[in-house]
Structures are given as C-alpha cells and as structure tokens.
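Given below, in the form of structure tokens, are the structures.
Presented sequentially are two complexes of chain A, the first with chain B as partner and the second with chain C.
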Partner chain A sequence: MQILYVEDDKFDQLAFKRILKKIPSISVDIATSHHEMREKVEVNAYDIIIRDIYLNGEKNLDTPGNIPVYFTSGSKPVLEQLSKKSIDSKFLLLKPISLQDVQKIVTDYTNISTEPDFSQIDEWADGDEHFKNELITYYLDEIPSQIQKIEEVALEGDLKKLADLLHAVLTKLRTFGFHDLVNKVSKLEYDARNNDLAISVCNQRLEPIIIALHQTRLTLRTKRIT
Partner chain B sequence: MKGLKSILLLEDDAIEVKKVHRALKKLDIPNNLVVCRNGVEGLNWLSSNPDNLPGTILLDLSMPKMNGFEFLDRIKQDSKYRKIPVVVLTTSNHQEDKLRSFDKQVAGYMVKPVRYSEFVKMLKTIKSYWNTSELAY
Partner chain C sequence: MKCIIIDDEKIARAALKKLCEKVDFLESVAEFNNPLEAIDFLNKEEIDLVFLDIHMPDFSGFDFLSSVKNVPEVIITTSDDNFGVQAFEYDVSDYILKPVSTPRFIKAVNKVRDERMSAERNEPDSKEKHIFINVNSRLVRLNYDDILFMEARGDYVQIQTPQKKHLVHATMKRFAEKLPPNRFVQVHRSYIVNINKIVDIEDNSILIAEEIIPISRSNKDELLNRLNTI
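After this line comes the complex of A and B, so read on.
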C-alpha cells in the first residue's frame, strides 16, 4: 500500500512517518506542494492521498486522478464547512493525525475488519486478565515472524508453502476472533493449495491480508490491560 | 510427577500450549505435560523415554519437519506406542482429514481453536479411560 502525504509542515511530516512505522507494509511518500503532488501522482501508483487543505498558505482542493483523497486541516470549522459541501466526513481528518485515523484509513483500503472477538479467549480465561494478557503477548511476539515468512514465501512464489503458512496463522486468528481476516485467509489458503493461482493474483490478494495482520497487532496492543 | 503418566503435546504454537497448560491446571490434572514442537521431536522423546510412555498424545496435524499424519503413521506401526490414545487437535475441519485420522485409530478429533468446555470434556474422558485401562499399555 502506497500513500502520498501532501504536507508543507515538517513537524507534521515527521509525526505522520512515525505513525506509519507501526504498520510496516505501508510505504509513504511526501510532497510539499500542489505542484509536487501532481508531478508525483503522474509517475507513481499511489493507493491513497492524504493532503493538507492549505499548502503554503493557499487553499486548494485538487484531487488528481481517481485516487481516494483524505483532506487534513488543523481547524475544525474548516473541516465542518467542507463536510457541508458534500465531502464525506470520513475523508476529513483533524490534525494532528492519530494512529486511530490511519488505522481507519487502512481498514477502508483493505476492507478487512481487525476488531477482535474475545468470546473464545474469555471462556478460557474465565475472568483471569493476567492469562488473557499472556495470550495477547504471545500473539504480539509470534505474529511478526509469521508475517515475514509469509512475505518471503510469496516472493519465492511457492504456493504450497504459502498455503501451509497461512494455515498456521489461522488458529491464532480464530482464537482472537478476527473473523473477517479468517475468512480472507481461509479462502486464499484454499485457492493457493487447490487452484492454479497465478502468483500475481495471489500477491494481489495477499497484500491487504498482510496489512490487516499488521493491524491486528496494533489493535491487540490497545486491548492489553497493563 | 512420579507414578503418573505424562501427557505428550505436539504443538508448535505457544498460545495453544499455554491453553492446554491452563486447562490441566484448572482441572487439577497433575500429570506432567511434555511439549514437542514437531513430529521428529515427539518421536525422539518417545524413544528416549521407553519407561515413561505418555498416557495420551495430543497431536497437532500441521507442524514443521514432520507433520501429524507422518507422526501417526510411525507410532501406529510401532507396537510399543500403538495403544497410546491420540487426540488430534487441528485447524482443519476438512472431512478428508477427519476420515484419514480415524482410519489411523485416533481416539478423538478436535478442531482448533477448541472451546474450553469441549476441551475439558475431552480431558475428563481421557481421565476415565486411564482409570479403567491402566494395564492396557
């Protein structure tokens, strides 16, 4: 997933890059003016643009191409005004952009919910929050290396191995009730194992899954009781 | 614990191991839980503990190095291990895997993630089996 962040304020640029570091499968490019934004869009395939409404003191609502654009501003009244001008409020972000904002954008892009359903774990924990935290910690520790292996095998184009690795991750996803992700991973596992899936198609379907897997870590971190 | 048969768990996922530990503790089952991360480790453990064979084997099917089916083939061909009850714990809900497992005379087949209540029921069944068939193997 490639994001173009259009912002002339250095501090906001750094803050945004810092947030994005938490979701390793997303890359971000920066433009500091409308002109630069247009130039970059012509030569790169961005999935999303996030852009300040005021750049270098000038208001501009340009939306190049068919790329979804999120508008940012430090002023709530400015955003409310835009909302009245029929821009869907989900595309309006009040600065500073938070991790939650980015997570929402990513979920919109992947179309995979990463909200856990703890009913299974709660049954095992039986009110023991320490046990629940331990399971979450195991998840947070183990899932990055599983994601990495999946990415490596996908690059090699070994579908059988990929199916095995996706299968291995399913137990965890089911335990934590990531139902939406379970559906997507199960389907890809099945197709990778049984159908003559082209590598390019497989990787296309894998990309949002990888992003969502990274997102599950962020979601579970916030659920851990300290 | 001396005198009690151990339980051998073949599982490479730490979360699943933790859950089994917890269920045994909550049910006051004092038997030692031996954890191996794949079939090769499991076979090595069995062959190096001939006087302390487990009372039950809990077996994941998808493991690295040697998967659950290969492990099952090996132990069911060996008269020393053949009678140890094996319960399969797997993510696979495929009919084919179930039939293949029961063909190999497994004592039970549970689809992960197993609900706590189902797991407890299975452990209670195993306990009652131990009580009635201590001399069977």
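After this line comes the complex of A and C, so read on.
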C-alpha cells in the first residue's frame, strides 16, 4: 500500500511518518506542493492520497486521477464547510492526524475489519485478566515473525509453503476473533493449496491481508490492561 | 489424570493449560513446544494423557505417535480438520479443533476418564502389582517387579527371581493370560520374560540378570514391537 502525503508543514510530515512506521507494510511518499503532487502521481502508483487543503497558503481541492483522496485541515469549520459541499465526511481529517485515523483509512482500503471478538478468550479466562493479557502478549510477540515468513515465501512464489504459513496463523486469528481476517486468510489458503493460482494474483490478495495482520497488532496493543 | 501438552504455539499451550485447570481430575504437569523433548519426558515419567498438535516444525504429531511405544491416551488438538481419519488410525481418544471451546474440552477429557474407569473395571488385575502362586500348597505372593522370567519345565513353570526359583504346577499359556501384557512378553514357547528386566538383546537371545534366554523367530517381531526403541 502506497500513500502520498501532501503537506507543506514539516512537523506534520514528521508526525505522519512516525505513525506510519507502526504499520510496516505501508510506504509513504511526501509532496510539499500541489505541483509536486501532480508530478509524483504521474510517475508513481499510489493507492491513497492524503492532502492538506491549504498548501503554501493557497486553498486547493484538486484530486488527481481516480485515487481516493483524504483532505486534512487544522480547522474544524473548514472541514465542516467541505462536508456541506458533498464531500463524504470519512474523507475529511482534522489535524493532527492520529493513529486511529490512519487505521480507519487502512481498514477502508483493505476492506478487512481488525476488531477482535474476545468471546473465546473470555470463556477460557473466566474473568482472569492476567491470562487474557498473557495471550495478547504471546500474540504480539509471535505474529511479526509469522508475517515476515509469509512475505518471504510469497516473494519466492512457493504457494504450498504459503498455504502452510497462512494455515499456521489461522488458529491465532480464530482465537482472537478476527473473523473478517479469518475468512480472507482461509480462502487464500484454500486457493493457494488447491487451485492453480497465479503468483501475481496471490500476492494481490495477500497485500491487504498482510496490512490487516499488522493492524491486528496495533488493535491488540490497545486492548491490553496494564 | 496427569497430562502433558505438546504444541509449538504458546497461545495454544496457555489455553490448554487454562482448560486443564478447570477440570479437577486433570493435572497438567508439563508443556512442550517440541515433540522430541516430550518423548524423553515420557520415557521417564508416567503420564495418562497427551494433548497433541499435528502441525509442528521438524517433527509432527504423527511422527510423535509413530515413534512412541506404549503411548498414553492422546487427544489431538489441531486447527486442521483434514486429518481425522489418519489420527484415529493411531487409536487416539479424540480429535478437537482449535481454538478449543471449554464444553468440547470437557467432553473429550470426560470421555478419556470414563474409558479408563471402564477398562479398569473390566480388568481388575490391570493395576495389580503382584501375583499369588501355589507353592507346596501355600499361596505365595510374588511382586511383578521381582520376577525376571519364567521357564516351562514339563508340567511345571519355573519362576526366576533374583533370590530364588519357584516351581509351580501350571502351563505357560495360563501365565501368559494372567500376567499384565505391558510388563511381560512371551519370547519363546518355553519362556516369558519381564520386559523391565531385559539387559540387552542380541540376535536371537536376551540377557536377563546373567541368564541367556532364547527368542523364537515367531516371537521376535512381537517382542521388538513391545519395546521402547529408537
């Protein structure tokens, strides 16, 4: 997933890059002017543009091509005004952009919910929050290396191995009730194992899954009770 | 019942351990992320039940089941529903899909407990540690642990212990039926040996204490099957 962040304020650029570091599978490119945005869009395939409404003091609502654009502003009234001008409010972000904002954008892009359902863990725990925390910690410890292995095997193009690795991650996802992700991973595992899936198609389907897997980490970190 | 958990995933082990805590007749005594370490443990400790995952790197649950002799009761816990038939070929007690729900877990362990209780009722001698033999009109108690081997002597059977020999008017067949099969094995028409007393086996003979006992060709495979070999 590639994001073009159009912002002339260096502080906001830095803050945004810092947030994106938490979701390793997303790359971010920066443009500081309307002109630079146009140039970059012509040569790169961005999935999303997030852009400030006022660039170098000038208001500009230009949206190049068919790329989804999110508008940012530090002023609530400005955003409210835009909302009245038939721009869907989900594409309007009040600065400073938060991790939750980015997560929402990413979820819109992947179309995979990463909200956990703790009913299975609660059944085991019987109110033992320490046990619940312990399981979350194990998840946070183990999932990064599993994601890394999946990415490596996908690059090698070994579908059988990929199916095995996807299968290995499924139990965890089921345990934490990431139902949407379980659904997507199961289907890809099945197709990778049984169907003659082109590796390019497989990688295309894998990309939002990888992003969502990273997202599960962020979601679970906030659910830990300290 | 003493149980162990074999699973390469920490989350699965923690969940099973938690589930064991909910059942008063279960005691989880060890967990392993690697079946090979569990084999070493089983060679040293007496365990009633194993919770076993199938997909593990290097050494799978099925590799484990193929390698262990006298395996305890096994409940397969896996996220793969494709191996049920294969698993039951190994005579496992149950096959549960992960994540394991509490009701399903309790059903599985209750089944194991009930089967064990039923087996003990049907084989009242199976937990006995001794046998009484008739020597000169006297019933003499012999602990299984003290018996080295038995040898047919015409209408009699001679029982060899480290201290002495007992001559009993009986047949080898009668002893073969009476003795617990997990401890004793018939290695020859005229010999039954205590498996725990075997020092070594070479070609067609067994060394027990300082005695050499012949193994018949027809009994050799059965003997080797019963031994815990690598």
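Note that in this section the second predicted complex is superposed on the first by the 226 of 226 C-alpha atoms of A that agree within 3 Å, B and C clash if a C-alpha of one lies under 4 Å from a C-alpha of the other, contacts with A are read in each partner's own complex, and residues count from 1 in each chain.
The rule is simple: a contact is a pair of C-beta atoms (placed from the backbone, for glycine too) under 8 Å apart; a residue touches a chain by one contact, two chains touch by 3 or more.
Quantities reported herein were computed from a predicted structural model and do not represent experimental measurements.
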When chain B and chain C are modelled together on chain A, clash or fit: clash
Touched partner set for A:His167, first chain B, second chain C, both or neither: both
First, second, both or neither for A:Ser113, with chain B first and chain C second: neither
First, second, both or neither for A:Thr63, with chain B first and chain C second: neither
Touched partner set for A:Thr32, first chain B, second chain C, both or neither: neither
First, second, both or neither for A:Gln13, with chain B first and chain C second: neither
Chain B and chain C contact sites that coincide on chain A, given as residue numbers: 120, 123-124, 126, 131, 134-135, 138-139, 141-142, 164, 167-168, 170-172, 174-175
Chain B partner contacts - residues on chain A that touch it in the complex: 120, 123-124, 126, 131, 134-135, 138-139, 141-142, 164, 167-168, 170-172, 174-175
Contact footprint of chain A on chain C as seen in their complex: 9-12, 14-15, 18-19, 22, 55, 79-80, 98-99, 101-102
Chain A residues within the chain C interface of the complex: 120, 123-126, 128, 131, 134-135, 138-139, 141-142, 164, 167-168, 170-172, 174-175
Chain B - residues contacting chain A, complex: 12-16, 18-19, 22-23, 26, 62, 91-92, 112-113, 115-117
